[in-house]
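Presented sequentially are two complexes of subunit A, the first with subunit B as partner and the second with subunit C.
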Partner chain A sequence: MLSLTHPRKTPLHSVPASYKLLFLCVAATAMFAISTAPVAISVLLVVMAAYLMLGWDVAKRGASASRGLWPFVAVIAIWHAHSGDYEQGIVITARLLAAVSLSNLVTMTTRLQDMIDCLSTVARPLRHVGISPKSIAIAIALVVRFIPEFLDRAERLSLAYRARSGRRASWRIILPLVFSALDDAEAVANALRARGGIER
Partner chain B sequence: MERSVVLIALFAALIAALGLIPKIMLTSGVPITAQSMGIMLAGTILGAKRGMAAVALFIGLTLAGLPLLAGGRGGLGLLSSPTVGFIIGFPIAAFVTGYIAERLKRTNIAFASIIAAFLGGVVVLYIPGVIGMAVVLGKSINEATLLMMPFVPGDVLKACLTALITQAVYRARPTSVLARG
Partner chain C sequence: MTNAPISIDSIRYEIGGTSILNTMSLDITEHRIAIIGRNGSGKSTLARILCGLIQPTQGRVNIDQIDVYRDRKAAISRVGILFQNPDHQIIFPTVGEEMAFGLRQLGQSKADVENHVHQMLRQFGKPDWYDRAIVTLSQGQRQLVCLMAVLAMGPKVLVLDEPFSGLDIPTTRTLSAYLDPLPQTILHITHDPKIALTCDRVIWIETGTIVQDGTPNDVVPAFLNAMNTAVDL
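The block that comes next holds the complex of A and B.
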């Protein structure tokens, strides 16, 4: 399973994850308070400059990471071209691109394990409601282990469906996939219990 | 204890897999992504608490940087994007779906599941979804609702499929449908 972390080490990789997350919280919140076009565009340019300073490869990955935003940018462009309120349209688009790109930059320069460690720290108070950090750690490991397994299974199910029907796989392959997941869960739970279970 | 943890984890993995498989076809030839169906199924099968835990685990790992959201998206950028309300709403949707399924457990399973999946996975999910879109795109609630309308028919259809799948699971593995336990 690939993570979204950029494989080449940049100077930002060595900044502790907690600092980056804290900075991101403050910066992203501040960005949503921007209300004039020059400020919004300058902030976006600063974020783009940060990408370019880290290297062309980082900038390229960053651009492709925000491709999901283009439909929204298109909607805003059409909307504001229609209403005639161009400045507001520019503000919304620029601060959206800036905030998402900055967040993606943090994701790209932080190892998945460091992120998961932060997640575990945040989840620690959950032990008061009976969710132990140990069980969260096991659950995370199981998720990462089983995603490729299920993807592979879904692939085989849809191939089998196509071989029999001659059509593209329909929603019907989801049912056997759910069954296989439930059966695996029983087997894995038994295996865990046989090995002494999850300590509290 | 072990069974709960494993069921939650494997359902989180299932939701991820449903978003990453190529779009599947409905009989009419309309392609859909199955991920939001996974959210509804987590509620109707695992029930309120475990369903929410499975979805929260999935969202947590996605935000941490695994590209698990439909289309291979992930990372912290999701929290500043227009779909932020749906990201936050997913665990709530699973909880409400599960809660309603549990309340209706004495009624017919297909009926209980379709009501639960529709109220939890569509109505309740769209509330934070629309609010998030309104805030990020600087639109009014009514305008944001209008923008989301094209997605409603597909989601209603997914609620129906969720009911069919839950019913089939209940028939074959009654003990696995914890919402009825």
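The block that comes next holds the complex of A and C.
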């Protein structure tokens, strides 16, 4: 659980959450403007270098957190190889990997409470249209918190399926996964409510 | 800390026309109370109503003269709950953040919250846990984090919804050692007769109805007798 957070403190942990999130927004937007393969690869290498500068353990954890991207990378690569547009394929793949890896790096080095505080401040104007900024911030924090949990649950369901079947589970676990996620959601909502986190 | 009176006034709970808890009223002033019953007897539903997490179809629960469902702001500083699975309770990736969450909801400043969390960790002999990642903790240690996070909010009543399920004997013993000397009123939801025997009062519930309510010496033998003769799954 909570595998996105890196347990060892790095120099990036002491940078305020607002600076990191602002930088992430600007960098991710700028990445969309990249249209040539050498620039896209250079940006990806810079992101990888940032990981390595923080330590081998951080780089390993970052690589592990990006595992879920590989199916998408494969689809993009196959499609562009098929259409013959290699440069575009490289640009899209490198941009995707760089943007997601950078996001993971920010998540790994930012306290969740600091992220909630920052998002609450940004969402404050929404109060005027009847939307609670606190609810939005907590919702986003919960997404960050539960993605690794959800992936872990999917893996366990998949193993349980394979233990009693000769076939791979694939799409067959989607429905039980959704039901178990709803079950968990109710338990977490109770836990939040018990400590004043959400109110009806 | 004096015991906070708990008043359960004619509560009933049903879902889609199915009765989960039949009308019941209880006045609780004891220090240690066990609520026992089989799986599906309505114990956990009662625990959630006691903490104001769900609205009873009828009736109300007051703790320390506060309606725990309607006055949530006051309720969170009066009653805390420890769930069976700590992974459902823990929201934040580090111990310090997890413990700080409830205190922030009580309106404490960031600096006060930080001091309070450090003080709580020292009190439990875990001063170096502030930055510990939850992922590095065992199941029992996570349950301890949940306990510290709830106690930091200073509740007068603590509801334990079978938090020892799935824990090994030494871990259960260690957690019990933390819980036993607490000044709070503790309502222990359990189906373990050994725990019930240590309480001042035992309330036995089956199919949403109170079967027996009294001292452990009266209720536990009757409960055990009924459990030994019940064989259905």
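Some observations on this one:
Operating definition for what follows: the second predicted complex is superposed on the first by the 125 of 200 C-alpha atoms of A that agree within 3 Å, B and C clash if a C-alpha of one lies under 4 Å from a C-alpha of the other, contacts with A are read in each partner's own complex, and residues count from 1 in each chain.
Keep this in mind: a residue touches a chain if its C-beta (ideal position, glycine included) is under 8 Å from a C-beta of that chain, and two chains touch if they have at least 3 such contacts.
A quick note: this is a predicted structure, and the numbers were derived from the prediction, not measured.
Touch counts on subunit A: comparing subunit C and subunit B, the chain ahead is B. When both complexes are overlaid on chain A, the residue A:Gly197 reaches subunit B and subunit C alike. In the superposition on chain A, A:Leu112 contacts both subunit B and subunit C.
Applying the stated contact rule after C-alpha superposition, one finds that A:Glu155 touches subunit B and leaves subunit C untouched.
Contact with both subunit B and subunit C is seen for A:Leu142 once the two complexes are overlaid on the shared chain. Judged by the touch definition given at the top, the superposed model places A:Leu45 against neither subunit B nor subunit C.
When the two structures are aligned on the shared chain, A:Val188 is found in touch with subunit B and with subunit C. Using the contact criterion defined above for the overlaid structures, shared-chain residue A:Lys9 touches subunit C, although it does not reach subunit B. In the superposition on chain A, A:Asn104 contacts subunit B only, with no contact to subunit C.
Applying the stated contact rule after C-alpha superposition, one finds that A:Val178 touches subunit B and leaves subunit C untouched. Across the superposed pair, subunit B and subunit C both touch subunit A at residues 1-5, 112, 142, 145, 149, 184, 188, 192-193, 197. By the touch criterion stated above, subunit B contacts subunit A in their complex at residues 1-3, 5-14, 16-18, 20-22, 24-27, 32, 34, 37, 41, 45, 53, 57-58, 60-61, 63-68, 71, 73-82, 135-139, 147, 161, 165, 168-169, 172-173, 176. Residues 48, 51, 53-54, 72-73, 76, 80-81, 83, 85, 87-94, 97, 100-102, 104-106, 131-136, 149-150, 153 of subunit C are the ones that touch subunit A when the two sit in their complex.
The touching residues of subunit A, when paired with subunit B in their complex, are 1-5, 21, 24, 28, 31-32, 65-66, 68-69, 72, 75-76, 79, 88, 91-92, 96, 99-104, 106-108, 110, 112, 115-116, 118-119, 123, 131, 135-136, 138-140, 142-147, 149-151, 153-155, 158, 167-171, 173-175, 177-179, 181-182, 184-186, 188-189, 192-193, 197-198.
Of all residues in subunit A, those touching subunit C in their complex are 1-7, 9, 111-113, 141-142, 145, 149, 184, 187-188, 190-197, 199.
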